[in-house]
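Some structures to go through are shown next.
Below are two complexes that have chain A in common, paired first with chain B and then with chain C.
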Partner chain A sequence: MNNVKILFKEDINKFVQICLKEAKVIAPFKTTYGDTIFSPVTSPSEVVIDHGYENSIIPPKEFFLPQEETMLTYGRYKEGYKFKPSLADESKRIIFGIRPCDVSAILFLDRFFRSDIEDIYYLKKRENTALISFCCHEPQETCFCICTDSGPFLTYGFDLQFIDLEDRYFVEIGTPKGEKLIKFNKNLFKDVSVADEKLRQEIVESTKNKFKSARAYFSKTIRKLSEGKVDRNVWDELGQRCFSCGGCSYVCPTCSCFDVADLLRSRDGYSRIRTWDSCMFAGFTKEASGHNPRLEKKDRVCRRYYHKLSYQYVEKNETHGCVGCGRCIVTCLGNINMPVVVEKIRRS
Partner chain B sequence: MRNVLTVCPYCGCGCGLYLRVDGKKVLGTLPSKEHPISHGQLCLKGWNVHSFIHSSQRLREPLVKADPAGTYRGTGWDEAYSLITKRLMEIQKKYGSNSIGIIGSAKCTNEESYLLMKFARSVLGTNNIDSCVRLCHAPTIAGLGDSFGFGAMTNSINEIENAKVILVIGSNTTEEHPIVGTRILKAIDQGANLIVVDPRRTQIANISHLHLQPAPGTDLILISGLIRIIIEENLANFDFISRRTENFEVVKESVKKFTPEYVEKTTGLSFSNLRETALMYGHSKASMIIYGMGITQHINGTDTVQAFANLAMLTGNIGRESTGVNPLIGQSNMQGACDMGVLPDYFSGYQSIKDKKNVAKFEKAWSTKLPADKGLSFMEMIKRARQGKIKAMYIVGENVLLSAPNINEAIEALSHLEFLVVQDMFLTETAQLANVVLPSASFAEKNGTFTSTERRVQRIRKCIEPLGGTKPDWQILSELAQRAGYTEMKNKNPREIMEEIASITPIYEGISYEKLDNTAGIQWPCFDKSDTGATFLYKDSFASGKAYFIPVDFTQGSEVPDKEYPYFLIAGRREFQFHTGSMTRKSPTLEREFPYGLVEINPNDADDLKVKSGWRVKIASRHGELETNVSITTAVPEKTVFIPFHFKEGAANLLLGNSDLDPKSKIPEFKVCAVKISSI
Partner chain C sequence: MKKIIKELNIYQPHSARIIKIHPQIQGHRLFLVKFEDDKISRNFTYKPGQFMELTVFGSGEAPFSLSSSPTRPGIIEFCIRQTGKVTDSLFRLSPNSLIGIRGPYGNGFPIEKLENNDLLIVAGGLGMAPLRSLLRYVLDSRERFGEVTLIYGGRNPDDMLFKYELLDLLDSPEMNCLLSVDRDDSGTWPACIGPVTALFDRIKVEARSTYAAICGPPIMYKYVLEKLFERNFSYDRILMSLERHMKCGVGKCGHCAIGYKYICMDGPIFTYQEALDLPEAV
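Right, the complex of A and B next:
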């Protein structure tokens, strides 16, 4: 069992204040227009963690793998070419109010960026960032983490996990990094009573029934897909609906593909940038000869879900590539998304 | 990091997005979920809008052509302004005001377009002002204007999902207007019937219930045929016709000649498909017509748009939710440029310059004397420039060379000018011909408003200061006017310009920044402070009371395939590039998707020609030729080829040259051209 504490809601701002002193705090922020976006905040009043705050439009993976990141700059000078690495940001950061699905996704990304070649741009940022997760009691209509076993309550992965017990939070400490944050202000955090434990249990149980979306039947789908028993028509139909916008990869917290390009960005020279990429683009697999093994949209949709769901990858990644955040449901122009695809495959 | 809500600068859908700003850099884009159009979605172009902003190819200082060979020298704003005012005044004096022509941009804000038209009319003293709308949607402005009152989409994007029958014609919707495409998909998922009319088998055609592939250029015949069938099948809504329209009998008479035999013969479609279409459209009480540039860029453009209006009135599918005639405007603020009077015959808000009262009103407001003669349209200006009658041009944000129908002719015209000024972000092909180039700021560096295809006026917001050396277009125009000694354009900011627009433009009268900042935009007409705008038009009455049935007839264009030029050429756009590519081609992701020009050829034709995918071919028309790469696909029918127009290497416009103009709207024949193909 994790080490646990109680924090009264009236003290939460004080805790945010402490966090702000320790590190750069990134938290859900509601724009005047009503959209929720993770953004660096400077005061507790900017942090939106009221009861059922919506999960952000794009996941916090952007703080580890930004939409656009400069890796190095170079140019030609009198003395010849000069290269200047633009190293990863090493400042201390706290992502405050990250949702459990997104924590699970970061664990998934960790495995990817550590395996094979260690990606220092990602790992440096990751090392210096603490994740304070807030469990969801009011899942959105699009949420299905319960089917993917990646929320709404986690047993590991977070540095701290907060569970809302009406007037207080049940705080679970997951790592020494989390422990340290609590230690800074010991008297804010109280001991847990038996009643607290009981309430926590009740809330965990009752939340499970609040998930609206039909349960996605992952295991059957994974089996069918891995055994190659999916009717071609499924991909044909889905391919007809894809606009190749790339949104599904951009908003997916477990998608890690990026592209590297050298761009002439200033008079002195080039910037080597990396940007988000997507397997839904034709250019993603196009070869130098012009040949493209996945020219057709249906092949790309198929590939995407194969990568997320087939045994081959599930084994390699230790889990399937979906954490049930529901973002692809919102963002897909063609209404192609994980629950729809899972259902189509199951029925095919 | 700051998140600034603004509007996508590409197509006319008007998606709301956040630019993510870190210090002086725009590093990312994300869709707004609460926004009524984007709903948390963007197309690939939208997701990548940030990527051209910091391009090193952005111009950073005014350029003056130093010698005829075309080398430029950088200069200060002061010198550039002096040179421009001096030369324009000289030309004005020597040849008269009407020797100057002005071309506006569908990418400028409303405030900028308004200032440009004020500048043209007050400072330069001419009505020779137009924009690339002439090359895209002039038939909409003219056609729907005459039939209903306003040349704009009658209904809204969000109403599409509740339509029961959708007739998409001449629009590759999923690629050109992705968000409209999503709403159509949603409508289908909810049981709507989709009919797509397009010679090409596009994505939207693939998901339609009925795909009609008429011979290019025959849409007018097809629609007239449908009208005749609906009348014969007794599906006309006589109650609506008598209450709300005029002149039905004349149209009834005029469609008689569109007999099934004639329509079948000319369009190549079967009567049973036509009848099915007519019955579907006519039976439903929520039938929507959606059309794009495949309709308008024709010599029959305006007539076809008016035929749509007739079809909608005939069945009463207008003036209610999820009905109407809905043009999809290609660029972010093309609607706005028209609304603001960047047109040779209208002031802002479609107030005709022919009406003396309007002239007097604007003269009073602007303390100036205004020219009375009707101005020249885009193509007329190009033609006159070629003849040496237009001596100077002022072009804002438009790559005229790649968008005009005949590049060779346009190059010749612009090279003939005594003086050319271009305001642009990049040194485009057009700017390279200019005597003075002024570097303008991007949409992320200025405040203002855009008006989307559904008449939605929305705020764009400044995220960063104009890149060193650049200025927003409105500021350039305001400063230049003052240099020329005109004191009525001392505008402090776009907000103030909008106040002026509202004070003098009835359909924008109720629009203010205050109101826009608290809403997701307002769909005009918005007549007063309490007015919240209109999602659909003509609920109780048309602009002048009743709508008008306008009889139309088919004119055969001169560009028909023959023995020598056996193929129909269609020019259009593809999803990953935008317009002439001056912005999209700066994005690595977009450029990688679709890096070079190509020609789509049907496999059977490819066999005949003995060419394979990837091979280079030469394509020649009666007007010009180009080389490009072959792409073999069944998306085009036999004897028809398709070329996108974003690339200077293989620009379709090299081949077009037909000088036929639609008599009603002056749009050139763009879409149909006869070509021959040979392998090299």
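Right, the complex of A and C next:
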């Protein structure tokens, strides 16, 4: 069992203050439009964790794989050209109030960027960032992390995990990094009583029944996709509904494909940048010869779901590529989203 | 979060200098390149079939097959066709210009497996670029391989990459070099004239002890495979180089994915059997 503590809600701002002293804090923040986004904050009053805030529009992957990131710069010098790596800001960061589904997605990306050849741009930022996860007791209508085994309560992956017990938080310590944050202010954190443990258990149990609308039954779909037994009509139909806008990939916390370009950014030279890309764009696979192996939209929709769900990828990534955050449900204009596609394939 | 194992930036190119540029056929040139840093240059080695990412300053980065062979270290060669942004700027450079270079990437040909076997190399168009590396490698370590046959065809003599070098091999006792063009208006072509498929009828290969290495435009694969099946080649003795749009070269950007493999990491060389098992391949 993880090391556990109690933090009273009246002390939460003090804890945020401690975090602010320790590191740069990134937390859920309400924009003037009423949207929830993750943003660097400077005071506890900016943090919205208390009223069952909805999932951020853009997932926190943006703090590890930014939508646009400079990889290196180069310019002309006396001796010719010189590349200068542009490594990330290495200051310590805390993502405060991250949701369990998003933590699971970051674990997924960790494995990917670490596998075979290490991607230092991602890993450096990751290494310097602590994740303080807040469990969800009031899932949104679009949430289905319960079907993907990536929430609403985690057993590992977080540095600290907070579970709301009405007037207090049940705090679980997942790593030494998390432990350190608590140690700084021992008197804020109280010992856990038997009653606390019991209430925690009750909340964990009762939350499971609160998932309603969005559901995805994966196993049959995974089998069909992996064995190439999906009816062609399914892809035809989905392809007709897709606008190739790429929104589904951008908002998906486990999608990580990127494009690379060299741009003239300043008087002394060029920047090599990487930007989010999407396998739903026609140009994603266009080859120098003009040949395009995924010319049609249906082929690209098929590709996206094959990557997310096929057994071949599950084996490679240790899990399927969906954490049930529901963002694709909110984003896609064509109503192509994980639960819908899983269901269509399952029934086909 | 575990510690980062190597503090190494895989995306960081090294400086390299263009030593020479040999004109090839229309729109194609052979670039001879050397690392600026002598130490890197000395320690650099690779396998035929691997590729590198080249940076042309101000334009960007693109993948190109190594056309030279590691048996001749020091200078590395790329046979490049002008097709767009990066290659346009590359063609504007002159000898002594600096470029960026990183790699080698990809699996390359399984040389250890090929040793002591006969080899049938079939090239079409720019497919000669990686296969020239294999050919040189094999000829430079001749005793480690059995019979070697090259089949390479083009529309006319002005279409043939590495033309003079290959014509020199026509009478070589080391190998069987079969070159053919569809048409020859100049009347000076010393090798065969006719469809490249006809060359298959002139070769004797023992399918059980031969590896076939193929690289060319997609349409070429179709007829070459037919010819190989006629001769009972088993699927795991046919090696093909697959091409996909690539960005990073190191398995991260996702562009080159095909089925559950990444061409830049698991390929570009696949056996026909492996390619068949990929849902999106041929």
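The rule we apply is simple: the second predicted complex is superposed on the first by the 342 of 348 C-alpha atoms of A that agree within 3 Å, B and C clash if a C-alpha of one lies under 4 Å from a C-alpha of the other, contacts with A are read in each partner's own complex, and residues count from 1 in each chain.
Going forward, a contact is a pair of C-beta atoms (placed from the backbone, for glycine too) under 8 Å apart; a residue touches a chain by one contact, two chains touch by 3 or more.
Note that the coordinates shown come from a computational prediction; the quantities given were computed from them, not determined experimentally.
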Taking chain A as the common reference for superposition, should the pair chain B and chain C be classed as clashing or as fitting? fit
Considering only touches as defined above, state whether A:244 meets chain B (first), chain C (second), both or neither. first
By the touch definition at the top of the document, which applies to A:233: first (chain B), second (chain C), both, or neither? neither
Check the residue A:335 against both partner chains and state whether it touches chain B (first), chain C (second), both, or neither. first
Note, angle between chain B and chain C viewed from the Cα centre of chain A, nearest 10 degrees, works out at 80
Which partner does A:265 reach: the first (chain B), the second (chain C), both, or neither? first
Quick check for you: in the superposed arrangement, does A:74 touch first (chain B), second (chain C), both or neither? second
For chain A, which side has the bigger count of touched residues, chain B or chain C? C
Thinking of the overlay built on chain A, is A:279 touched by chain B (first), by chain C (second), by both, or by neither? second
What is the minimum C-alpha distance, in Å, between chain B and chain C after the two complexes are superposed on chain A? 10
Which chain A residues are contacted by chain C in one complex and by chain B in the other? 259, 261, 264, 277, 286
Complex interface listing, chain A residues touching chain C: 71-72, 74, 76, 80-83, 85, 87, 110, 112-121, 123-124, 126-127, 175, 177, 228, 256-262, 264, 270, 272, 274, 277, 279, 284-289, 291, 293-294, 299, 303, 306-307, 310, 312-313, 316
Under the touch definition given earlier, write down the residues of chain A that touch chain B in their complex. 29, 31, 33-37, 39-40, 57-58, 62, 66-68, 240-241, 243-247, 250, 259, 261, 263-267, 275, 277, 281-283, 286, 290, 330-335
List of chain B residues in touch with chain A within their complex: 1, 3, 5, 16, 18, 20, 27-35, 39-44, 46-47, 50-51, 54-57, 174, 178-179, 181-182, 185-186, 189, 203, 206-207, 520, 575-576, 588-589, 592-594, 614
Would you pull the chain C residues touching chain A in the complex into a rising list? 1-13, 15, 36, 55, 57-61, 81, 83-84, 98, 100, 217-218, 243-245, 247-248, 250-255, 257-260, 265, 279-280
